[in-house]
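What follows is a set of notes on a single structure, which appears directly below.
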């Protein structure tokens, strides 16, 4: 029997490598009827900001070939609401909790991390420097080394547990950004966030999304994500967390073989609400069938 | 009845905005049984280099969700073979001919252009600075402004007809590259070439492609391509030629509405060999249904 | 409780103009019966259509009827796109993954004797379960349905058996000529309106309800992905809470909450 | 001449183990008859499988039989993946876009009386048309087909009627026990071998042919996209011309050209 556990360092130890991607799994509670939340490697909750955000106007979504565009724009009720209203409901889950943190300036990230520090069950933060759907901050930080470094170092100063930095794929060389955040103190990197895309309703002759552009996710972008994980895993020493269009165990294995230490399941949750558990089962089945005893053997 | 003709400048006038994307339509002859070649806006023939190239080893292709990866690597018999053996067979077509030119150094591009100058029916060259499947040159030129400028200016010096530069999407800011080649003398830009991607055969535990990475094309990447065309069309004054996953008339209209003056049909030729003609008919039908008399009215 | 279950298509009842009434049986009878028993009128399911080449996401479809005893789910599907086309042409025996029941349905209690159900187009579908549940609460609802013409009216027979049915058609080929908002039955002294149909129709009805002070619920159809309130794609900007998920807080909203 | 035509599935003949023989009729009878008349053994079609959710490209399938007079195309499909699964389970009346006939087939002329046709697995399919065309040229071909066991042998009845059939099975449940390369019929004095089957089998046969100086053609199955020689994906590295398209210069190659 394969041992699916993985230690990502600095106190982030997962029973298995399957996490939920921020913004696709709510606070976990939304899926409680159809997924055994205690089985998940970790639950990464939705993007949390210092102050409440209403997000972008409707319409926020367009279905695309093997994927979707979204322009949610970090709608959330702010970190204090998370601490007082959400955390109490999820803190007793067995799966480690990870909070995805966004902001429009480095100080915002630092302050959110500081406030989250009181929550014992939050084992890591995932610093989002790659949201394509907000006017300030977001992806702008993730597309230059200096921007990425600024946010990472601000968060690092106020967070001493595991710190993941979530990278944008909308760059010429993602390994450059990965090395920059590694040097600035990130404990791991997760990649990729969504690709900036756009869809036009040709009958109505206008963009589908209220924001014109949005973030593309789903299996459509998986080959690009796998390539970026492959390049990055060879380029940094910290663990790489792979995501981008993983729909099933086979897809997850592609990332693990490309060098990811763990994976996040995102858009698949919308298509198959039990995708996370299915992926765990399928990785397990594959490893047992191939005589693989630990995840580290998977890398090619 | 809509007038589908479009003048891209410097002698490149098309009866309609539908061209074939290089490397997906051979020299046109391969499709002669199923497409009326004389109806096409232009035929862009496969990537041509100074010397013959064997391309990369098999396997060169992987099917992906709503797309495919290829790693052909510019297999072709060289410009002299094109001039002596191919050109005579296609020169009497009514559609203008465009040769896609690749090389491993700027001088190669210049020399290929020089040799093509004798061919009267070649109304334009498309300078490929974005092939992800060759070790030298190719995409390396397309991901920096200076690289793009060097190749563009070398080609410009030996080619006085219409010069298209085909851009790589594997960059942080495609508009920056577009402006650089515009300033260096390009008469138009075509975008996007393929995205660098990768697929792993998890059962065999090895990359599917002999070259590990390859170029991703097909409708999967269309939302990103449309976004890049939208950004670029607002950023340069020269015409923008849009491509990336156009499968039908609706998709082509998306690019034309986003600001493209013309489009190229690529991977669709593999799925629907008559895609080019179908797209022409569908654009025509749409325009007539919406009372649109010329293509310039489409832009939103 | 929400259930993710496989349902087998046991029958497709052809209706007018290529639409179809799908009769679906859960493979897991026990859980299926539980899910069906929980279904409230106005709720919907999110169904995966693997048969459709270009369809990536599930499709939300309102529950037309749910018979927990017989273990049958009824979905009325309008052939309006690639995915629904595949549903309308599915084969008996085809299996579909269905997430259900989703959202909050219409609200009513035994005091709703002065309620008018108003529906148009495919929005007529959820009215069947609504009327049946009102019957169970001892009510015999009045229903007003509308369509372009007689041939586009759906479920008239079924609805007639569970309440008083009023009809309007744009061309007058059945019932009163005109839109539902112009039908004479609207002039009566209604206390509640429960409405489902095309957006312009619902906005027209909502305007009338507001003017006359009638309590009014409408069922929204915003484009959605997950159906669980996780993706935040289907939001409606509400007066009380700003952007809320139609899939979770709706699809039925009291018009007081909407910025219409 | 290549044709891009719509074909209607007129019949699916179930065969062993979930495979299927598809009998397809062109919607355009005239062009269909022309395309079928041009089909040579060893050629293939490229078929679009819109019914398959995750299938983007067409699928190349060898022509099992082509009857221009009756206007019928026969494709033997092995249920081996999402696309072929959909083909095997397609409904009568389903329409498929088919590009045909593609590639170069087997070469033979009336002197090929000392030819042995060797095939294994789904590679047996194109041998039917090959044997029939050899019959038309006045030849009665000898054929050797192999499979894991008796149940995996296909088209035995059809092939028996067009030539002399020899059989080998790995487990000896039919014909001689062992691989085709071990079958006693191979020991005869053949001048030509025409072979289609799994790569290891073809390589084994090619080695024997080389050793004994027998002229040998094999049919390759490289992964392909366009089927027209445009995408350059399916290349085989040949001794004479380097990388050439299997779809256009093949799929049948004389082993002299291969770097095996």
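Just so it is clear, A, B, C and D label the chains in written order, and each chain counts residues from 1 on its own.
The rule is simple: contacts are C-beta pairs under 8 Å (C-beta built on N, C-alpha and C of every residue); 3 or more make two chains touch, one makes a residue touch a chain.
If you're wondering where the values come from, they're calculated on a predicted model, not measured in any experiment.
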Relative to chain D, chain with the most remote C-alpha centre: C
The distance between the C-alpha centres of chain A and chain D, rounded to whole Å, is 48
Taking each chain's centre as its mean C-alpha position, how far apart are chain A and chain B in Å? 34
With centres defined as the mean C-alpha position, give me the chain C-chain D separation in Å. 52
Of all residues in chain D, which are in touch with two or more distinct other chains? 55
Please list all residues of chain A that touch 2 or more other chains. 64-67, 218
Among line, ring, star, complete and other, which one matches the pattern of chain touches? ring
Which of the chains are touching one another, listed as pairs? A-B, A-C, B-D, C-D
Residue ranges of chain A in contact with chain B within the complex: 62, 64-67, 69, 143, 170-172, 195-200, 202, 205-207, 212-213, 216, 218-224, 226-227, 230, 245, 250, 253-254, 257-258, 286, 298, 300
Contacts from chain D onto chain B in the complex sit at residues 1-4, 48, 54-58, 97, 99, 222-226, 228-237, 242-243, 248
In their complex, what parts of chain B are in touch with chain D? 23-26, 30-31, 33-34, 54-55, 57-61, 63-68, 70, 72, 75, 218, 269-274
Complex interface listing, chain C residues touching chain D: 50-53, 55, 91
